[in-house]
Amino acid sequence: MRMANSALEANETFMYQVERVKKKNRKLSFIKGMLFLLPSLILFSVFLFYPMLKTIYLSFFLTDAKGATTVFVGWDNYKEIFTDSVFLKGMKNTFLFVFYTVPLTVIISLFLTVIANEKLKGIGVFRTIFSSTMGVSVAAASVFWLYLFNPTMGLLNKFLELLGAESIGWLTDPDWALFAVSVTTIWMNIGFTFLILLGGLQSIDSSLYESADIEGSSYFYKLRRITIPMLSPTLFFVITVSIINAFQTFGQIDILTQGGPANETNLIVYSIYREAFVNYQFGSASAQAIVLFIFILLMTALQFKLGERRVHYQ
Amino acid sequence: MMLSAGKKAIFYVLLIISAFLIAGPALMAIVMSFMTNQDILTGSLPTTISLDNYFAAFTRFPLLQYFLNSFIVSIVIMLGQLILSALAAYAFVFLEFKGRDFLFYLFIATMMVPFEASVIPNFHIIRDLGWIDRYSGLTVPFFATAFGTFLLRQNFKQIPKELREASQIEGIGDFKFFLKVILPVSRTSLVTYGIYSFLTSWNMYLWPLLVTTNDTVRTVQIGLKQLQTQEQLNDWGVIMAGAVIIILPTLILLFLGQKKLQKGLTEGALK
Amino acid sequence: MSQVELIDITKSYDKQKDVLNGINLSIEEGEFFVLVGPSGSGKSTLLRMIAGLEEISGGFLKINDQTVNHLPPKERNLSMVFQNYALYPHLTVEQNILFGLKARKVEKREQQIRLMEAAEMLGLTELLKRKPRELSGGQRQRVALGRSVVSHAPLCLMDEPLSNLDAKLRANMRVQIRRLQKQLGLTMIYVTHDQVEAMTMGDRIMVLNEGKIQQVGKPITLYNEPENLFVASFIGSPKMNLGNAAFFADGNHLIIENQLHISIDPDVIMGVPKDRNLKVGIRAEHLFPGESKKDHIHHLEAVNVEQLGNETLIAFEVGSELWTAKWPGQWTIEFGQKVPVQILPQYLLFFDVETGQLIQSADIGKLREVVTI
């Protein structure tokens, strides 16, 4: 009896030790995991989380030219920007810009993807050409189109001249400027969108098409009943990414129009840039940045939430 | 799918027209870069072809310096992103520890913060660190990326867990396993992400515009803007020569890595 | 001395119900021990707990009388072979085999000696410079074995190492692994779902189902005296014929599946309760051809015939069950034909319907079949 008891006790102390070792191991694996993640976490903290919080903080203050806070103004910066006709116009322009660029980019890219997905000789060359604009930087693309839009020498007006039509001040006419910037943007974004859509299209199981062929389905029937539904997650992804990108547009504006004429192309990021780094109004610029942040937050949240549910996954 | 000759012809016509429209602006720029200003101004087809515009671009502007800067910045960002996201992806795939899921959601959350929205304090941080006009200011803020981490995590997940278990039994630690097994085994996806990373870094515009004030570290993109705004009276040949030079590295990279990018990015985006 | 001892081992994930429950087991030095069971039975989990790849939820694990619950895999001095071989795809065969030795800082010369030894033993000498993707399935398997051999670990764990190979190669590798184990004097713990592998390779077998030990013993014991219905139907191919049965009131007649009437000498079935429903079982080779015999003949309808060349498998309909007979030689039997079959009561096994436990095994089976030379 006593022997059994002491054996039991020995067991208990041993179990206690085992538990301690387990705890220590857990601690060690936590430290190990953190070591792998630490570089990313530190940089995220310094260059993402802290700046984001700081932006919120700044949006409630007036600042000096160096960015130091001077006066706490509460919601005034927000009140101010939402009554400021320039900012409101910028917002309107941004939405208009999204509306001009996103559907067209996706539709054109989808068309290119569909015709470039056929098994034809030399199709690789076409795919390369269609994706090539992804390799063209925003600065280079803007310079190309700056020339194309040039009122006297530009090819577009020369073409209009040839047709006997009046030339257009693409970048100087308030009615055309945003459209011109949109055309540039669409052209730039086709490459990336095409590449992603092509990847999506090629991952569709070919047996779906084969069985449709056996049933004698027509080309457009297959496009509508197989290609588009099976591609819907990819489409959804490129749509949201395009919207987010459109909100973040800056380079083309800076080179093509500098926000003009009459603020017609003053999109939100350009507006933030000017407010902060030209006018040194860091407070109200931060308030604008927060508005941008909220829009993008909503878009990303929508992408995560709807991405899983509404869209057809195989 | 077999296509009849008629259908084939339709597809070729569509493909050729589209290709012409897409490649048009870049082709035009390339042609213009070899033309004399005389020809450009009169709008005629090139009568002579010369490299004068390229000489002009390199001699009148520190284009070579910009080019070198862009290379350094892009390579450094690429390496930084690869190292940090590979480490993080490894932790998310192979290590189990308390708080891992929370940290994973934290990484996801970073995708909701656009860089443009936090650009003001970021600029102040870089200024206060004295990193204006330094390579560090152009590169370090971009090292940590959620996108890269997810992309590599997706690829690491396809590596059999047994490889790690076999190494555990053989007494190989996690860091050694990461270096000696995971990195070599997933080199294809590392290359894919590296290409993407280089492309986006090379093409950055807003940030280099803010944190470079002189030619020492200025990148080609900003250089091109300078070229365009300073070049007197529409010397378009020189401007186009500059533009062609700066898109050359990325186009070459894109042509080489197109298949890989297409596959890699689709996987990263959708799984 | 027992090399591996499991005392009341349990495994549970996050408050879910136990995956493994009350596993007590001891494995002797130099023994080839097989863990067998259907998928989801917990056999791989158990092996991975021994390896240290899974945490042990409760109980003790002892290796060489040392409790090792808390030790990481590398300190347990064992080697492991995985189902998918777990070869490093970017390393050559040689590098794969030496990877662990390098990590353990084994001396260079010693590394080479062990490498050559293992390569020769496994016929890998020609393949050392190749990458895994240039090897066939069987060759990869041998590289995985080589990795285990060079480690000189006294305990080797194998997790379904043959299930990715085709049938012919599998039979070949069974022999190789068995020979290697004896040659090196390894203690082997071998997990498989294939009862043929278990029967042919194991010194002892443990049958596991739904996280509980069903039976531990020598292959022949499991075959002849399955402790319960699960083991009876899991071990042996074709599987044991089973049927519901009850005694007539007089206790001298058994009726199986409401179809077969069998008269039994009461002496044979002393221990079997007569007043209850039972399950009876009989091995395929104990349903004898009945044409030249007189007693215990039943005419059964053949519903399927499989000619294997050296023997013939005939399926008969018995009530709601299909019984299979295995007859030596070649038999021509038509589908639907009534065939005389001899069913001797001495060969019947009796099980409790409710608990599934064995009540009485076929005495005669034990006596006649194990031939010791």
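Each chain carries a letter (A, B and C) given by its place in the written order, and its residues are counted from 1.
One rule holds in what follows: contacts are C-beta pairs under 8 Å (C-beta built on N, C-alpha and C of every residue); 3 or more make two chains touch, one makes a residue touch a chain.
All of these numbers come straight from a predicted model, not from anything done at the bench.
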Remotest chain, chain B as reference, centres from CA atoms: C
More contacting C-beta pairs: B-C or A-B? A-B
Take the average of all CA coordinates in chain B, do the same for chain C, and state the distance between these two points in whole angstrom. 57
Would you kindly tell me how far, in whole Å, the mean C-alpha position of chain B lies from that of chain A? 15
Sites on chain C at which at least two other chains make contact: 72
Which bits of chain A are touching chain C when the two form their complex? 11, 14, 17-18, 21-22, 25
Across the complex, what residues on chain C touch chain A? 55, 60, 67, 69-70, 72
Residues of chain B touching chain A in their complex? 1, 3, 7-8, 11-12, 14-15, 18-19, 22-23, 25-26, 28-29, 32, 40-41, 43, 83-85, 87-88, 90-91, 95-100, 103, 106-108, 110-125, 140-144, 149, 174, 178, 199, 202-203, 205-206, 209-210, 220-222, 224-225, 228, 234, 236, 239-240, 242-243, 246-247, 250-251, 253-255, 258, 261-263, 265-267, 269-270
Interfacial residue positions of chain A with respect to chain B in the complex: 26, 29-30, 32-34, 36-37, 39-44, 46-52, 54-55, 58, 67, 111-112, 115-116, 118-120, 123, 125-141, 143-148, 150, 153, 155, 158, 187, 190, 195-196, 198-200, 202-203, 209, 213, 219, 233-234, 237, 241, 244, 247-248, 250-251, 254-255, 269, 272-273, 276-277, 282, 285-286, 289-290, 292-293, 296-297, 300-301, 304
Help me check something: in the complex, which residues belonging to chain C touch chain B? 48, 51-53, 72-74, 78-80, 82-84, 86, 88-90, 99-100, 103-104, 147, 151
